[in-house]
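Okay, so chain A shows up in both of these, paired with chain B first and chain C after.
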Partner chain A sequence: MNANPGEVTRVQELVYELKIDQVMTRDVISVTPDTTLGDLKELLRTKRISGVPVVQEGALVGMISIENVILALERGELAAPVGSRMTTDVVSVRAEDTVVSAVNLFARYGYGRFPVLDGKGALVGILTKGDIVRGMLKRMEVEWQAEELERYRASHIFEDIESDETGLILRYRVKRQDFIRAGEAASKIKRALERLGAHPRIIRRVAVASYEAETNLVIHSVGGEIIAEIHPDRIKLVAVDSGPGIADVQQALQAGYSTAPDWIRELGFGAGMGLSNIKACSDSMKLESELGVGTRLELTIKLQ
Partner chain B sequence: MTLEEVLSVIDGKLLSPGADLAMEVGMACGADLMSDVLAFTHEGTLLLTGLTNPQVVRTAEMSGIAAVVFVRGKVPPAETLSLAQSTGIPLLASRLTMYETCGRLFRAGLPSCGMFELSTNSWQQAFGDDSEADAEQVHPS
Partner chain C sequence: MITVREIVSALSLEVVAGGEHLDRTVTGGYASDLLSCVMARALPGNVWITLQAHMNVVAVAALLDLSCVIITEGVRPEAEVLAKADERSIAVLLTTETTYAIVCALAGLGITGQSEC
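Our next item is the complex of A and B:
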């Protein structure tokens, strides 16, 4: 896929999906209004941070940052209490809001951090741009690992499960004359093989053979089943129906021989090519039929 | 040849909004018989057809057809469009006949899918084995 400028990227999606409380720092370092600017300077230096919320009796009363400390240093006011220099007009964010709302606030105010409040207005965390970047990277890594694991599991299913012979059986019921849905089973078999990591050329042969077999069931039978047995080294496809059966199997196998009605021919099928096409896709094929009983087509495609 | 070039050569229209017109097709097949499409194409083929039912898209999906051009000014029904949308196969339209649509693309350098075992076999049955020179070009199915 090409990344169009208008296309929403995974990062943009994450900004809308992630909540602030999923990325914020919970262990909030705070000061009280009577902390001196000198003590604040030491706190910012040792904790390597550039600003803190000011809390009094559990309630957020202001924000103070390194700029206030620099100003106090210039003026020799390090003994002054934080309460006399802090910003009291505080912009805060809510824990349950999405990260995108905070991204907008960072852009609008140019602040380095926002205090995070819960629904009752209590201080529960602090949010910096660094928190957002870290939170998103962590989430993307988790998703990537989950995706990789799923892909690995699907393609290694035969190695993970121990038995003398492991096989995966996919069974699809096919209704007579339901031409609109013809090909759904083949489509699902194709997707299963893609998930299992089969070679594209093998997938194409299986898809074509099962599609032809499926349309045969739709056109000619009273209804039946497509069964795909996937083994580590081969795929066995069985198309079985309960009637009406083929009068002359040898004749049916001849290329160009067809008993399909006109309406099927108008749809681009029924030219008598199906069975020879299936045979060309298979490593071995067997067709058995009895009039009034049913037909069974079995074919094998090797995976190596 | 890209789909964009295809559209310009056949003076056609794109039916799938948002399709990637930079997508490359390496060869083309003109057919109204879906079994022929299944038997005589390769992965990455451009299909030209006069049929517009949803099974055209199913057939394209199963045989790895890259994109479909409907010829003779035919516009597919909604079921066909929606199946194409869900399988991600771009649909194009040409007002020209099958012969002229194919002819223009061939002249512009888009090759055919080559020879196939199924057709050389039936040829040999009818006319005998006199095609040693062609045998090397035959693709296995």
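Our next item is the complex of A and C:
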């Protein structure tokens, strides 16, 4: 899928959601102002980092980076104390701020790292661009796993629940002549099957059959219900209504036969194809009706 | 394989819903104004050409996972229909041409009437 300009990506969302203290490095490697630049050079080399905060009696007093060390090397000043070369005009971030504020600071100052202070001004961490990338990837990984787990659970529901026969029953009430909502039950059944991991070809058959059964209730009945029973090996669809009933069931089953009035046909319904469509999509189908009592359509689609 | 976007530009169609789903591949086409016929015959990814413009067009297109719907002869769906189409990720395209003219143009682009997904 192509990202739409103006559409906020998950990464952009995360930058606003994540707090700095969720991604920062907590074990801060620091030096004191009287550490020599030579000792600092060794520290940066062995820890494979490129800069550290300078702390005196627990308080942040400056930042010093590998660039200061390189300059000192050039000038033969490795014996000089960090305190004489550090940046004292320190830009820091606050632990409770969102990652986006730090992203803006990285862009503005071009620094490699920012010290992280808590509400009282104490140094609690250090933040690099790498920390942000790692933090976001980790969060996305966690979310992805949670999503996968949910999907797995939905598609294995029948294996997880033990009984002699497990079934999932979805019941939808359908109102007469509600053409606006016609198809909603079918689309909800379709979505449920997708979540359960059914094969697309099976989902299509169930969608067609349930849509036709639902529109039949909307067009012809005084109102009724669509009941989908999902079993591990089959789905049973039942459409029941409480009238008016079908005069001649055999005739109703003929393709092209329709009792729908003209105004309904103008909407594209009532082609007389509904029941034959349902039959074509089903492994078995039964239609029972009694005038003045109601109609019951039952069909089964095998899931294998 | 041709995408919805390529059809939109080749046929100068007006995109009125589902504008962010134009990169779908079109697997073939089906033309009818009878919903049950569409239900029976249109395949996933197909373009559906019709004169109908009411809410159930969206329901049918979504249930069948069609790639887009072209509504012909200048018929304009109501705002609620377009909102529903956006919600269900269905691209709705309009034209003042007839269904027949659109089908001919689609055939010229190589879109056939019998296609497996």
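Operating definition for what follows: the second predicted complex is superposed on the first by the 242 of 304 C-alpha atoms of A that agree within 3 Å, B and C clash if a C-alpha of one lies under 4 Å from a C-alpha of the other, contacts with A are read in each partner's own complex, and residues count from 1 in each chain.
Please note the rule applied: contacts are C-beta pairs under 8 Å (C-beta built on N, C-alpha and C of every residue); 3 or more make two chains touch, one makes a residue touch a chain.
Predicted, not measured: the structure shown is a model, and the values here were computed from it.
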item	value
Superposition on chain A - do chain B and chain C clash or fit	clash
Chain B versus chain C as contact partner of A:Q304, first or second or both or neither	neither
Chain B versus chain C as contact partner of A:A271, first or second or both or neither	both
Touching partner for A:S163 - first (chain B), second (chain C), both, neither	neither
Touched partner set for A:T46, first chain B, second chain C, both or neither	neither
Which of chain B and chain C A:R205 touches, first, second, both or neither	first
Set intersection of chain A contacts, chain C complex versus chain B complex	2, 179-180, 182-183, 186-187, 190, 200, 204, 207-208, 211-212, 215, 267-269, 271, 273-274, 277, 280
Chain A partner contacts - residues on chain C that touch it in the complex	20, 23, 33-37, 39-40, 44, 50, 52, 54-57, 59-60, 62-65, 80, 88, 117
Residues of chain A touching chain B in the complex	2, 179-180, 182-183, 186-187, 190, 200-201, 204-205, 207-208, 211-212, 215, 255, 267-269, 271, 273-274, 276-277, 280-281
Touching residues on chain B, where the partner in the complex is chain A	20, 22, 32-36, 38-39, 43, 49, 51, 53-56, 58-59, 61-64, 79, 87, 117-118, 122, 141
Touching residues (chain side chain A, partner chain C) in the complex	1-2, 4, 7, 179-180, 182-184, 186-187, 190, 200, 204, 207-208, 211-212, 215, 267-269, 271-274, 277, 280
